[in-house]
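Below: one structure, written as structure tokens.
Going by the order they are written in, the chains are A, B, C, D and E; count residues from 1 in each one.
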Amino acid sequence: MTALAAQRWNFWGGVLTVVTIVCAVLWAFPLYWAVVSSIKPEHEVVRPYIELWPETLTFEHYIHAITATQIGTWYINSIAVGVGVTVICVFTSMLSGYAISQLRFPGRTALWWLILASFMVPGQALIINHFVLVADLGLINTWAGIMLPQLIHPVLIIVYKQFFDQVPRDFREAAVMDNASEFTILFKVYLPMNWGVTTALSIVCFIWTWNAFLWPFLSVTRTEMMTVTVGITQVNDAFGIYYARELSAAVLAGLPVALAYLLFQRKVTEAITLSAGIKG
Amino acid sequence: EETVLWWDFLGGGDGVRMKQMISDFNAAHAGTIKIDATTLEWGTPFYTKVQTSAAVGEAPDVMTYHASRIPLALTQGVLDEITADDWSAMGLSQTDFAEATWDAVTSDGKQYAVPLDTHPIVLYYNRDLLKKAGVLGDDGKPTGLGSGEEFTAMLQALKDAGVQFPLGSVTASGDFMFRTIYSFMCQQGGELMTGDEFLAGDNADKLTNTLELLQQWTNDGLQSKYTDYPATVALFTSGEAAMMINGVWEVPTMTDLAGQGKLFDWGAVELPVVFDKPCTYADSHSFAIPKNRGKEMSAEKRAAVLEVISWMEKNSQFWATAGHIPAYGPVTESAEYKAMEPNATYSTLTANMIFDPKSPLAGIAGPIFDVMSTYYVPTLNGEMDPAEAVEGIKEELNAL
Amino acid sequence: MADISLSRVWKRFGSVEVIRDVSLDVGSGELVVFLGPSGSGKTTLLRMIAGLESIDEGALTIDGVRCETLHPGKRNVAMVFQNYALYPHMTVAENMAFGLRNVGVPSSVIRERIDEAARMLEMEALLQRKPAQLSGGQRQRVAIGRAIVKEPKAFLFDEPLSNLDAALRARTRVELAELHQRLKSTMIYVTHDQVEAMTLADRIVILNDCRIEQIGSPMEVYSRPASRFVAGFVGSPAMNFLPVTISAAGDLPQARLADGALIRLQGTPPSGEGFELGVRPEALSIVADGGHTTGVATVVERLGERTLVHVRLADGTNVTAQDAGLSTVEPGSEVRLAFDTAALHLFGPDGAAWHSR
Amino acid sequence: MLKDRRRDILVALMMIAPFLAIYLLVFVYPTIQMFRVSFTDAPLIGDGEWVGLANYARLDNDPLFRRAVWNTFYFVALTVVPGTLIALAIALGVARLTGRLQAIVLAFFFLPYILPVSVVYLIWDWTLNFQFGIAMHVLDWLGIDRVPVTKSARWFMPAIAWVTIWWTAGFSILLFLAGLRTIPVEIYEAAALDSANRWTVFRRITWPLLSPVTALVLTIQLILQLKIFDQVYLFSQGGRPNDNMVLVYYIFQRAFQQNQGGRAAAVAVTLFVLVVVVSVLKFQLLRYAERRRQ
Amino acid sequence: MADISLSRVWKRFGSVEVIRDVSLDVGSGELVVFLGPSGSGKTTLLRMIAGLESIDEGALTIDGVRCETLHPGKRNVAMVFQNYALYPHMTVAENMAFGLRNVGVPSSVIRERIDEAARMLEMEALLQRKPAQLSGGQRQRVAIGRAIVKEPKAFLFDEPLSNLDAALRARTRVELAELHQRLKSTMIYVTHDQVEAMTLADRIVILNDCRIEQIGSPMEVYSRPASRFVAGFVGSPAMNFLPVTISAAGDLPQARLADGALIRLQGTPPSGEGFELGVRPEALSIVADGGHTTGVATVVERLGERTLVHVRLADGTNVTAQDAGLSTVEPGSEVRLAFDTAALHLFGPDGAAWHSR
């Protein structure tokens, strides 16, 4: 709701603004609290009163998390899997989205309905069979195994199709009159015209993959093949007091995506709305 | 050079010591055998991982395993037998182990693991606080270890002396409290399983008694509520809890802190006798060789694995610094071991140890665990009536 | 440059007939405008020539070559789209080069042609810009440039000015006319704006309801419309239509309006009932006295150089008359109307048209 | 457009082939397998005997399954509508702001969404820690008794629901903001000239005009929350797993902890059918509402 | 009905001044049009009156009441937005009722007023439809209806016709003029289309660059533009401007064009250098012989009732002249131009204007 000039700064407007800001601060507070706790020594962490800033600032937990665990390897795994899924998923979705949107071929409508329908199907229900499949293929504990069941995001195809549908017919026809083949039209005209969509979809696809928990958790049994999300649940040594250490691992796992978000805030928000099929 | 893939679930103080032993081993076997070790999260995650990876041929070459879980492991077919040839290759035999320990890894006359230690739970205490409350004996041990009334009175005395949590208990984790409860049941001569039946006869009453006592402590504010594991340790080490019932594996935490001068004067003793007779729950860390589906282990690899186990057993003197009681007889009989503190203080309890029932439903992260855990938490924190809980437990367990 | 000929072509979308048996010859170097109301099939016809729609029946010849089944890229015609369809991610130069690259024209030739076209259209300075950095008029020019570099046999335009604002539209219209004079190439131009059609065309093809109503020069179409539809569609403000009865007083034919007024007709009109008299506002003037009939001015629109007066006649018919720019007519006042008898049209019940000159 | 139809089809096939291959492999085939395995007593890996409907029959009086179903729906009830309302309220607040301030405030609300679930778990496990969690300090300060949030049966689901809302609200907020942006400013100006006060504007203009987005958010949330697992699994470790049982957790437990592939598949099929039924129902409901509105 | 008066109002967006010291009085029942190029501040000024933008400095009085700080809903004015801003989820009737409900008008009164407005605007049949089910013209009418039911002191229109197509725009323009004659209410109407302004306005306020350039009746503005800007902006095709030097031959003043042609001026013009002669196309005609100067016809636009001839003079200046509808001028031919000396304008270097009548 865009405020009217005459209304924006009246009393209740001011109250609402302040309430919103206070809520935002409270909302984000757990994040701050986790970060602050992770740079306190363990014995300060468990003090029975609130200390908004560490008395002794220490990075020992980070050093521990980095040296004592394989978090570096986990990062590499997460990045490799994230990039792999993103590239394959975006690429195949783009091709199919284009075909469904622009080409006429038998079974097109059926395929479209199938994709729309698969939206509703819970991936979680398939974990057992995914596990069996990936095991049969001998892909347990491999990047390919982590990636495989994540390679389908029907929503990407839906978004691509909708976008290609919206490209005015004129562009396609101009290209046809310019003697361009379908692949030329897709890669030289449609794709560059929609770079925004592609980057946006790549970002969400990467975030989804980075954040995936259940499947990577199941399909990896070796520590050195874990992704960050799964790996950090392994740092929490069962015995002893290690709150700050766990939190430092959490911060390390969350940091890349958080930074990426803060850097590309507009792009990410755009990507999210796109992924829900809304144009912002 | 053979690389032996090794999994364990040992975090915390004993984890540090195990890592030390592994690097010692690697140093001693440079060029011939190398242990490639991975530490996974203790409990359900570890055993879920073991089970699924064995099913797809991705399990390690050797792993630590709780003896209590061996019956369950056998139904799932994840363990390879330790054959007589293996035993002799390792240079170990039944005579090197206590009977109860040997029994714990044996099923149908076959062994499925090599016991490394037994690890009972003990009572840790803060001498400074106890002294302040006047409940520290001249021998440096707590007074009031003889009966339930005495123990409760001691807790009350601590409370009266201004201690916020006389007893730190892991009341947020039912699976952990299982150990204490199981011990107290045993102190009444009760057992969890009679044949295939759970809580047969008056065993249910004995469980009820136990839960009532523990709940009473909670209601009287004598023990910490909804405290998870790390919090319990933190409460104790920070001096907010005067006593704590916990596994011997926390000994290194105490010794390390004390070594750094960050801890009060502490001690550890056998569990108090709150009912009829002394009895303490214990489990055994052991080494097991997974049965990898569709994957045969080469003879060389097996030899290397056996060498690893054998070396670890024979050098388990150092493992004792992790608080555990080594299973390998020659070590515990050594004079050196007998001089170790606080191990010496609680070493008497070996006579009073009780292991989990031998059932595929028992063991760390087994079905009994989940059921018990679900009922113990509300009961211990005063949410649920003990009798009602026992009713529920009995029903659910027998339905398993 | 080439001539284009359509012979008895048909087009159906499903069961809907959109082009019915249309034949048309466009001479080499001619600028032909397709004019018609929305949905009359102009765009469809143009796209059939371009190859963007298939031809269901009939023949299309471009420069003597039969083309019905040829791929659009192979027909050697260039099209300028309504919203230009410039590739937004390519610079102006790349836009122009795209079609040539796809058929493997060597880069040196491409560069030459682009430079030449840029010179001709005075857009050398724009070559490295992206379409988003251009104004509407400049985009229009780039779209034409993209067509020119292909050295096509014919240019096809689909309402190329409809996205420009009024002032720019007028200016660009003039530029387009100049360009055609310079290139002397065959052009087909689709519009539903009759001012554009009038000012640009060598010949206008008036389409209505999937058929051709009239083909002729702008002046022919304006002053001798072949049907009531054409008469009503061409010209703004629109022609006034009044039901009349034609009779002969002596041997001079005359038309009787519904309000009884009599207008003498020149020449030899048909006679009978059910006719409509067509008169353009500029042939219906406000006079101080005399005139053929009277009415009440309802709305007076002062356009500066002339004034349009909306008049309600005695029988309730509304007509638009024209007065001088500095008209003194006020809304509500009674006015006298005079018909210019040299510029009257009659439309018979059978659709036939008669013109007084 | 005039083109060679056969070549067109060929090109189309080339374009959909990669997707189709993956789709058949990781979607269609496992789905068929899931149904097939649910009629056998197979372990996780390997084949089993055909047992007909036995696995389903056992669900009928399986208290754990019943609890899982109940908890799943309870969780859905706790998250879907409240989460949507909270997101809407936040979106309305954020939309009032402009420029950099809006970007910052939005970032505060959105940041949790991009964090992995395990991070969210660690953060909240710490925040709600019964002894040291800052939330408990706040309760102390307010003079309220501490609540063992993730350890008590009463508070577990609401707490997980809250954490889930905190975690995922950013997504819904963005959708609502996008929806709000599609409402033209002129509409609000017209309303101002029509003397509408703040509440009237919300009730008569904003709310009805947002209803398509609201429906979308609700649908997405519903389908998403039916599949709850990660949070419950992470938060109930060492706690009271059986009290907190939800459907996917149950599948996980049967398959991966108890090695009962067939019984797990039966639960999976149930979940599958449940989600499809709910989706179809929801879809029909929306269509019906849409038709009534017209 | 009410009079509206702005006195020395200012408006800034941040540091950008958008309205600079504007004063204006709109009489009761008058239809005033704000006309100006894009960005000249028309909309801003209108919204300041409506209360949708605050007034930084100066006073606004509506019907004698000071209004600068009043909430928009309290000013008793109704606004018709460019895209109508109909509430899309409410029926037409609900749209009209909304504003009345909010101020607690009883339902029976609301119903009466809606019925009356619907009758007046001939949209009884549409009352139960949603805006999406209406055509552009119908929506426009509903927007007006929503304004009418409020019985406001004044109506404010912001380019209400710009979303309609040409034909509908012309028709609706006439309807609006009729409506104003019927309601006799105060109306302020914003447009950048000078035809609309000319045909609708009682008075036109010409805005340029945040200031008022001229206020006057349409004919005043057209025939006696206060500045070169106004002269160039009003009228289509636009006025021709030619640099001239004014001198006196005997005691008769005359203007010398750049190509040396001399044009006698009537009255008493200023004299000196640096003047521009303004002449509208209709005052510059093509003559068979005689005339003031000659040039080459570049483009000939036949509009039917008249023909516009674009002529390039000897010194390269382009001018537009008007010829009869059936002009015989061909592009490229030489033509003679005659100036209508009774309709000439001079614009001095200081911006001052002189008119020959």
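In this text, a contact is a pair of C-beta atoms (placed from the backbone, for glycine too) under 8 Å apart; a residue touches a chain by one contact, two chains touch by 3 or more.
On a predicted model such as this, the values are computed, not experimentally measured, just so you know.
Common neighbours of subunit B and subunit D under the contact rule above are A.
Taking the mean of all protein C-alpha atoms as the reference point, the chain centroid lying nearest to it belongs to A.
Here the two chains linked by the largest count of contacting C-beta pairs are A-D. Taking each chain's centre as the mean of its CA atoms, B is the chain most distant from subunit C.
Computed from the mean C-alpha positions, the centre of subunit B lies at a distance of 92 Å from the centre of subunit E.
Between subunit B and subunit C the centroid-to-centroid distance comes to 95 Å (mean Cα coordinates, whole Å). Note on chain placement: the centre of subunit D and the centre of subunit E lie 56 Å apart, centres being C-alpha means.
In subunit A, the residues that reach two or more other chains under the touch definition are 4, 6-7, 46, 48, 131, 135, 173, 176, 181, 218, 233, 236, 243. Within subunit B, the positions touching two or more other chains are listed as 43, 45, 52, 55-56, 229, 231, 234.
Among all residues of subunit C, those that touch two or more other chains are 51-52, 72. The touching residues of subunit E, when paired with subunit D in their complex, are 50-52, 71-74, 77-79, 81-83, 85-89, 98-99, 102-103, 130, 146, 150. Contacts from subunit A toward subunit D in the complex involve residues 1-4, 6-7, 12-13, 16-17, 19-21, 23-25, 27-28, 30-31, 33-34, 37, 45-50, 88, 91-93, 95-96, 98-100, 103-106, 108, 111, 118, 120-133, 135, 148-149, 151-152, 157, 173, 176, 181-183, 207, 210-211, 213-214, 218, 228-230, 232-233, 236, 243, 246-247, 249-251, 253-254, 257-258, 260-262, 265, 268-269, 272-273, 276-280.
On the side of subunit A, the complex with subunit B involves touching residues 42-43, 46, 48, 131, 135, 140-141, 218, 221-224, 233-234, 236-243. For subunit D in complex with subunit A, the residues that touch the partner chain are 1, 3, 5, 8-9, 11-13, 15-16, 18-20, 22-23, 25-27, 29-31, 33-34, 37, 44-45, 90, 92-97, 101, 103-119, 121-124, 126-127, 129, 131-132, 134, 137, 166, 170-171, 174-175, 177-181, 183, 185, 188-189, 192, 198, 201, 206, 213, 216, 220, 223, 226-227, 229-230, 234, 248, 251-252, 255-256, 261, 264-265, 268-269, 271-272, 275-276, 279-280. Contact residues on subunit B toward subunit D in their complex (touch as defined above): 43-45, 47-48, 51-52, 55-56, 76, 172-176, 224-229, 231, 234-235, 293, 365, 367, 370-371, 373-374, 377-378, 381, 383, 396, 399.
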